[in-house]
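Next come two complexes, and both contain chain A; in the first it sits with chain B, in the second with chain C.
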Partner chain A sequence: MLTADELTRYSRQLLIPEVGLEGQERLKNSRVLLAGVGGLGCSSSQFLACAGVGSITLVDRDTVALSDLNRQVLYGQDDIGKKKVEVAAVRLSRLNPGVEIHSRFVEISEGNASQLLVGIDLVMDGLDNFPARFCMNSACVERKIPYVYGGIAGLKGAVAAIVPGKTPCLACIYPRTRTHEGPHPVLGSVPAIIANLQVLEAIKILTGRYDSSAGRMVFFDGSEMTFSRLELKRNENCKVCGKEKR
Partner chain B sequence: MHVLVDSNFIIKDYFEPPVEFYFGEGGITLRQLLEEIGRRCASVSFLEILKEDELGESVDSLLFNEKNFFSLPEGLNTPLRDGDRLKLEIYIEPVDGG
Partner chain C sequence: MRINVKANFRITGIEADHLEIKGHPTLGEVLVDLAKRSEFPFVLSDGKIDPEVEVLLNGLEYPFLPKRLDTPLNEGDNVEIMILALGGG
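On to the complex of A and B.
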């Protein structure tokens, strides 16, 4: 049940038929894990909290650096050197005190990814490397938890909602990747755009409004101001979700 | 003449494999088929199916009647026949920053 305060706080989104009272209650009962509180995670966490997702668990192994401040909008100059998950938890609680915020200062690995997902309904990708993403993808497939991938590179970005058993998983989409050398080029508005598309997909999944019949992938190119959409098929031979794994 | 094309991706309303391509005239080559696929995929700007005289960088694998494209003696100039089958798999450049 939503409280009187919540009915007021969320009154504008309650007017959206795709959300409504039932959807808002589903959001309140949802538990989201945010993997990485960097450029993507700083934006997505704010809109997840504002939207009324009941519980958000922040996972990140980093501390705030001066070079983060062009895009990681939860942090300020005074936060340099502090743990991102702790600073972010304070900021997000201020944005919406009705949301439970949990902080985990750990590095995501094969050894802990599955355990981190206990009690989680959806994972938001805020990571900056593929090894950690693949750990999270495998754990999500294993536990049948939706995973909303987001990635950025310069003025470009990509988003895909992965619903295990229905859509391709991240390993179907990217059967081969390469290791990025050095820092990623990034302008703050690009992760903000991609993160907000991720939030939109996450809210549709959490409110039961997501049509997961196909793996939709959206690409944004900021230099051309274009969005492109592909639907990807599952790879029957995928090493993570292929037929041998089913 | 019809050629059946399958792939690992869909562009809604434009390219929804498995799809049959019909050609009313003879003398069609694999290059012309790939050009037609490229036209249907034009809304996705980064998809490169053909690059001048070779396969584009988005093509991960291309099977023509279950044979690897690179084993075809005539390559892109391979003439098409009724009932030919093409399997096109694309590679998406990873977007890994966050």
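On to the complex of A and C.
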């Protein structure tokens, strides 16, 4: 049940038929893990909190650096050196005190990914590297938890919602990846765009309205201002979700 | 002639991961045809391949082929078309 305050706070999105009262209550009862509170995570966490997701668990291994401040909008100059998950938790609680925020200052690995997902309904990708993404993808497939991939490079970005059992997984899409040397080029508005598309996909899944985008990737090219939509292919021999694993 | 085509996104007509083609077209000519069957225009208007897409012929990235996109295809060749992973966050 939503409280009177919540009915007012969320009144504008309650008007959206795809959300409505039932969808809002589903959001309130949802538990999302945000893997990485960098460029993507700083934006997505704010809109997840504002939308009324009941519980958000922030996982990140980093502290705030000066070079983060062109895009990681939860942090300021006086946060340099502080743990991102702790600063972010304070800011998000201020945005919406009705949301439970949990902080985990750890590096995501094969050893802890599955355990981190206990009690979680959906994972938002805010990671900056593929080894951690593949750990999270495998754990999500194992636990049948939706995983909303987001990635950026320069003025380009991509979003894909992975629903185990229904869509290709991240290892199907990317059977191999190139190792990126050095920091990724990034302008703050690009992760903000991609993160907000991720939030939209997440809310559709959490409110039970997810269908049209299943198994598709949205690819954004900021230099051309184009969005392309690709239908993704499942890899029947995928080592994570292929037929031998089903 | 049959060539094997793998992609990590849907291209109409290669559901069975192979393509029947006539004659000996070049890699570039086949890619133009495949791009028209995809929602993702991976062959750009100037004929170049979108830099976010990796194209391999028999395991070799096309820029390293002596004739690059002008390489003629042969029976049983393996063509891979993969949209590259965007890894930043």
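Here, the second predicted complex is superposed on the first by the 243 of 246 C-alpha atoms of A that agree within 3 Å, B and C clash if a C-alpha of one lies under 4 Å from a C-alpha of the other, contacts with A are read in each partner's own complex, and residues count from 1 in each chain.
The rule we apply is simple: a residue touches a chain if its C-beta (ideal position, glycine included) is under 8 Å from a C-beta of that chain, and two chains touch if they have at least 3 such contacts.
As the structure is a computational prediction, the values presented were derived from the model and not from experiment.
Partners chain B and chain C, brought together by superposition on chain A, clash. In the superposed pair of complexes, A:L230 makes contact with chain B and with chain C alike.
In the superposed model, A:R94 lies in contact with neither chain B nor chain C.
By the touch criterion stated above, A:F219 is placed in contact with chain B and with chain C alike. In the superposed model, A:F130 makes contact with both chain B and chain C. When the two complexes are overlaid on their common chain A, residue A:R12 makes contact with neither chain B nor chain C.
Overlap of the chain B and chain C interfaces on chain A comprises residues 36, 38-41, 125-130, 133, 150-153, 156-158, 173-174, 176-178, 180, 184-186, 191, 217, 219, 228-233, 235. Those residues of chain A lying in contact with chain B across their complex are 36, 38-41, 125-130, 133, 150-153, 156-158, 173-174, 176-178, 180, 184-186, 191, 214, 217, 219, 221, 224, 226, 228-233, 235.
Chain contact summary for the complex, chain B toward chain A: residues 7-12, 43-46, 91-92, 94-98. Of all residues in chain A, those touching chain C in their complex are 36, 38-41, 125-130, 133, 150-153, 156-158, 172-178, 180, 184-186, 191, 217, 219, 228-233, 235.
Remark: chain C residues 7-10, 38-41, 52, 82-89 touch chain A in the complex.
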